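Encoded as C-alpha cells, the structure appears first; notes follow it.
As written, the chain order gives the labels A, B, C and D, with residue 1 at the start of each chain.
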Amino acid sequence: MSSLAPIRITIWNEFVHERQNDVVAGIYPKGIHGALADALSIHADFSIRTATLDEPEQGLPQSILDETDVLLWWGHKAHEEVHDEIVTRVQQRVLAGMGLIVLHSGHFSKVFKRLMGTSCALCWREAGERERVWVVNPGHPIATGLGDCIEIEHSEMYGEPFGIPTPDELIFVSWFQGGEVFRSGATWKRGSGRIFYFSPGHEVYPIYHHPDIQRVIANGIRWARPQGVAARTPRHVPVDQAREVIASQGGTVH
Amino acid sequence: MSSLAPIRITIWNEFVHERQNDVVAGIYPKGIHGALADALSIHADFSIRTATLDEPEQGLPQSILDETDVLLWWGHKAHEEVHDEIVTRVQQRVLAGMGLIVLHSGHFSKVFKRLMGTSCALCWREAGERERVWVVNPGHPIATGLGDCIEIEHSEMYGEPFGIPTPDELIFVSWFQGGEVFRSGATWKRGSGRIFYFSPGHEVYPIYHHPDIQRVIANGIRWARPQGVAARTPRHVPVDQAREVIASQGGTVH
Amino acid sequence: MSSLAPIRITIWNEFVHERQNDVVAGIYPKGIHGALADALSIHADFSIRTATLDEPEQGLPQSILDETDVLLWWGHKAHEEVHDEIVTRVQQRVLAGMGLIVLHSGHFSKVFKRLMGTSCALCWREAGERERVWVVNPGHPIATGLGDCIEIEHSEMYGEPFGIPTPDELIFVSWFQGGEVFRSGATWKRGSGRIFYFSPGHEVYPIYHHPDIQRVIANGIRWARPQGVAARTPRHVPVDQAREVIASQGGTVH
Amino acid sequence: MSSLAPIRITIWNEFVHERQNDVVAGIYPKGIHGALADALSIHADFSIRTATLDEPEQGLPQSILDETDVLLWWGHKAHEEVHDEIVTRVQQRVLAGMGLIVLHSGHFSKVFKRLMGTSCALCWREAGERERVWVVNPGHPIATGLGDCIEIEHSEMYGEPFGIPTPDELIFVSWFQGGEVFRSGATWKRGSGRIFYFSPGHEVYPIYHHPDIQRVIANGIRWARPQGVAARTPRHVPVDQAREVIASQGGTVH
C-alpha cells in the first residue's frame, strides 16, 4: 500500500490575472497557486510545491515532473504561451501514471486539449450568477464529505455542450441561475494516468476560498495519485519469444 | 431519414509499400485503397473516392474533406510525412461529424493519436500466424452478418496493452496463435464524429480480400456516417440573452 | 439495410391516471398511449400498436413482444401490479435485441429496475415549475432536429442523484427552476437491445403534446430498433469442436 | 483517509463441490473459502470471515452484511438454492456502498445477474487447457504487481460473447489454448458499490493457489472497499424546501 507515502503535488498556475487585475489580486494576493497551496497544506499526506509560467522552463522542467505524483493546472489568458514541448512532457508523464487535475478555464489549455483530442469548447457568461454543483455520483471518493450539492453565490456560467469525450465517470453537474447546466466534474483515464476536470474557479470570485471546493480538490488529488504501472509499449515480440511455439511464415515488410 | 442518401466515402492510403515491396504489390496491384474501393463498390449506397499521400495537399484538400461523410485511413511507413495542418483539418471535420475508420497500422497515425490523446502503442510480431477475431458485441451493427468469429490464416500479431482511451464500445477481441490477445475493434465518439478502429490488415497478407473483413468495413462505414449536428461552441452567452432573467454582478476580467 | 422495413412499435401504458384524475383525462382523453400513437403516426416508417395493463396478459403476450421492434413503457401508479413473468418476458426480448424506451415515471417500473440492476431512485417535486432539457451530445441521432435545448413551461422536478448505472451515452441534462439538475436522457445497451430513458412526461402537464418531446421519442425509436443479432449463449463448446486442436486433461465436475 | 482501518471481508462459498468431488476436495480440503481466507490472511489490513450456504440464513444475515466492507462470492452448482431475499439483501448493501467480488462461475449467480440485469451467459469448455490472463489496463490498481500476463496451465475455458453490460473498466482479457478469448476481469459501479468480476477459478484445478491469482483478489478487495456515501434517495423535495423560491402551479396526482 502506497497510501502512507506523501503525495507529491505540483500546483501550476499561469499567474497572469493576479498581477494585472486589481479584483483578482485582492482575492488572491499570493496568486491562485498560493491560495491553493495554503488551503491544501492542512493535509499531512500532501507534499506541495508550486510552479508558474514565468519560471525557467515555464516551471515544469523534466526533473520537477518526474517528482510529481499529481499536477494541478490553472490557466486562462496565456494558454498559447505554453510551449508545445512542455505540453508533450506533461502528456507523457500522465500516460506514464501521473495524475492531472485541470481547473476551470484550464479546459481550454493545450495540455487538456492534447489529452482529450476534442475541442474542449463550451458556452460561457461572466455575470456573477449563482451556481449549484450537484453530486450525481455520491459513492465516488471525490464526493467524500460533501452534502447534496455545493452552493456558489457568484460564479461564471459554463454551459453545454462541453466538447469532451464521454467521461469515464461523471461526478458533478452544475445548475446556473441564468438557466444552463454543465458537467462540472468528470474523470478520464489516459494511459496509466488519471485526469479530473473540475470547473468552478473563475478568478474574479473567491471560489477557491470555499471549503467545499477545497475539499473536492483534496479528494481529487488523493483519487488521482498514480496507480499500477506504465505500459511496456511499444514493444516488438520476436517469434522466438512468443508465449506459444510458432514458426514464422509469409512475407515481410521489415 | 438520411439513410437513402449515398454515403460519400474517401479511402486514404499512404500508398508506399505497394510501390516498394513485391509481395505487397502482388497482393494489392492497385494499392490497398484500390482493393478496398473495388470491394466496397458492390454497395449501391456508397459513393467512393480514393486519396493518397503523393497527391496535392496529400490528397485531402478542404474541399474533399467537406464532401466526405466517412474517411478511411491506412498508413504505416509514412506517418511522419503527413503534415500537421492536414491532421488538424481531419480532426476538425471529425469533431464536426465526419466518420473516421482507422485501419491496422493507422493506430500509430498522427490523425488517430491526435484524436485519442494517448500513445496508441501496442506489441507486435510479424510471423504470419493465425488470428481469430471474436465478436464480443453481437448486437452491434458493425457485427451484422458475421458468425461467432472471423478466421484469418496469416496475420500480424498486435498485442495488449493497447494505448487507447476506454472505448465507448468494444466489438472485437482477437486471439493470436502465438499466445496474445488484442482489442481489435473498438469505437469512440469525438465531438459529433464517430470513430471505428479495426486492426486486421497487415499488408503482406491478403487480409482485405477476406469477405468478412470487407463486410466489417462496410458495416463500419454505415455505422460511422454523420449523425446529429455539430456543437455550436465556443459561444459567449451575453447576460441579456440568458434564458432566465439575471443581473450582472461581481468583478470581471474581460 | 433494414432501414426501409417499418419499425414495429408497441406503446405500453398502465392507463390508470387518465381514468381516475380529471386533469389527466382532460389532457390525454385517449390515454397517454393514445396521444403518443397519434403523434407518432405521422412517420411513414412506423407501424404502431398500443397495449395497456388491463388487457389480457397485461397487454404483452409473447406473440406481441415477438412482433415488437421497439417497446415504449409508461407507468407510475401500478408498477407493482405488473407480473414478474411479464417483466422477465420483456427483459428476455430486450436482451435478444428489442429496443426499449422508458418514459418519465417508468424509471421506477419493474422492467427498468430489472434491466438496470440499481435502485433507479431519484428526488422529485410536483410544482409545475419550468424545465429546460439541454442537449449535451449534439452529434447523437436522438438529438436530431432539436435546438440547444427544449423548454417545458410546466414540469415535475426529477433531481439527482439518479440511481442508474453509468450510461453508455448521456444525451440530455435538465435544469429546473427550483434549483436542481437531472440526467434526463440516457442510453444503455443490455444484451443486444438498446434502451433509452427520457424523463419529461408528468401526466398533469401536456408534455407529450410538445413537438420537441415527440421528436425526441421518434428519434429514440429509430435509434433503438434492433441491430445485429442475439448472442448464441449459454453454449457448451465440446473439446472436439474447439477451434484449435487440444486434448482434454485434468479433473471434471461434470 | 479510511485506508488505515482494516477492510472487513466476508468470503461466501456455496461449499458443495468440495464435499462431493474427490478431486476438488483434494485441492481445497478446507473449501475454496478456506483456501482464500488462508491466502488473504497475510495482509495486515484485512479482517476476514467466511460464510457458506448451509449456515443459518445461508451465511448472510443482515448483521453480517452490515459489518462487511467487501463480499467475495463463489458459487456454481447451487445458484438456484440461494433465496431471493438474500439476493435482495446483498444487492441493497452493494447499492449502499459494499464492494462485491464475483469469482468464476459466480457469473451465473442470482446476485451477479440481479446487479447486471443481463444474461451473464457465456461459452465454456472443461478441458484443462492453458489460459493466459493478459493485463489490458496496466495503470489499474487491480493489476498492481503483475507482469504482462498470468499463465494458468490448466483452466476451464470461458468464451465470448459474455452477456454483461459494458464494463466501466476492462482490466483483463484471457487467451485460451483452444482458440477463444474472454473478458476475464472487469468492473462496474452499481449505486455506491464497486463490483469486480474475475473469471479464473474452476474448482478442479488449483487456480486459487496461484500467487498471481491471489494477488489480483487482494488488489480487488482494496479497490472495492466502500467509498463516498450512499445516495439519499428516493426523496421528495417539498416546494417550500426548494433551493430557489418557486410557487406551485398546475395540476397534481398526489
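Please note the rule applied: a contact is a pair of C-beta atoms (placed from the backbone, for glycine too) under 8 Å apart; a residue touches a chain by one contact, two chains touch by 3 or more.
Which protein is which chain? UniProt says A, B, C, D = Trehalose utilization protein ThuA.
What you see is a predicted model; the values in this text were computed from it and never measured.
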Farthest chain (mean CA position) relative to chain B: D
Rounded Å distance between chain B and chain C, as computed from the means of their C-alpha atoms: 31
Inter-centroid spacing, chain D versus chain C (mean Cα positions, whole Å): 29
Between chain C and chain A, distance of the C-alpha-averaged centres to the nearest whole Å: 36
Junction residues of chain A, two or more chains touched: 132, 137-138, 159, 161-162, 166, 168-169, 179-180, 189, 191, 231-232, 243
Topology of the chain contact graph, where touching chains are joined (line, ring, star, complete, other): complete
Chain C - residues contacting chain A, complex: 132, 134-138, 159-162, 166, 169-170, 173-176, 179-181, 183
Complex contacts: residues of chain B adjacent to chain C: 1, 3-4, 45, 97, 132, 137-141, 143-144, 148-149, 151, 168-169, 189, 191-194, 222, 226-232, 243
In the complex, chain A residues that touch chain B: 17, 21, 23-24, 76-77, 91, 95, 114-119, 121-129, 154, 157, 159, 161-163, 165-166, 168, 177-180, 188-191, 203-205, 231-239, 242-244, 246-254
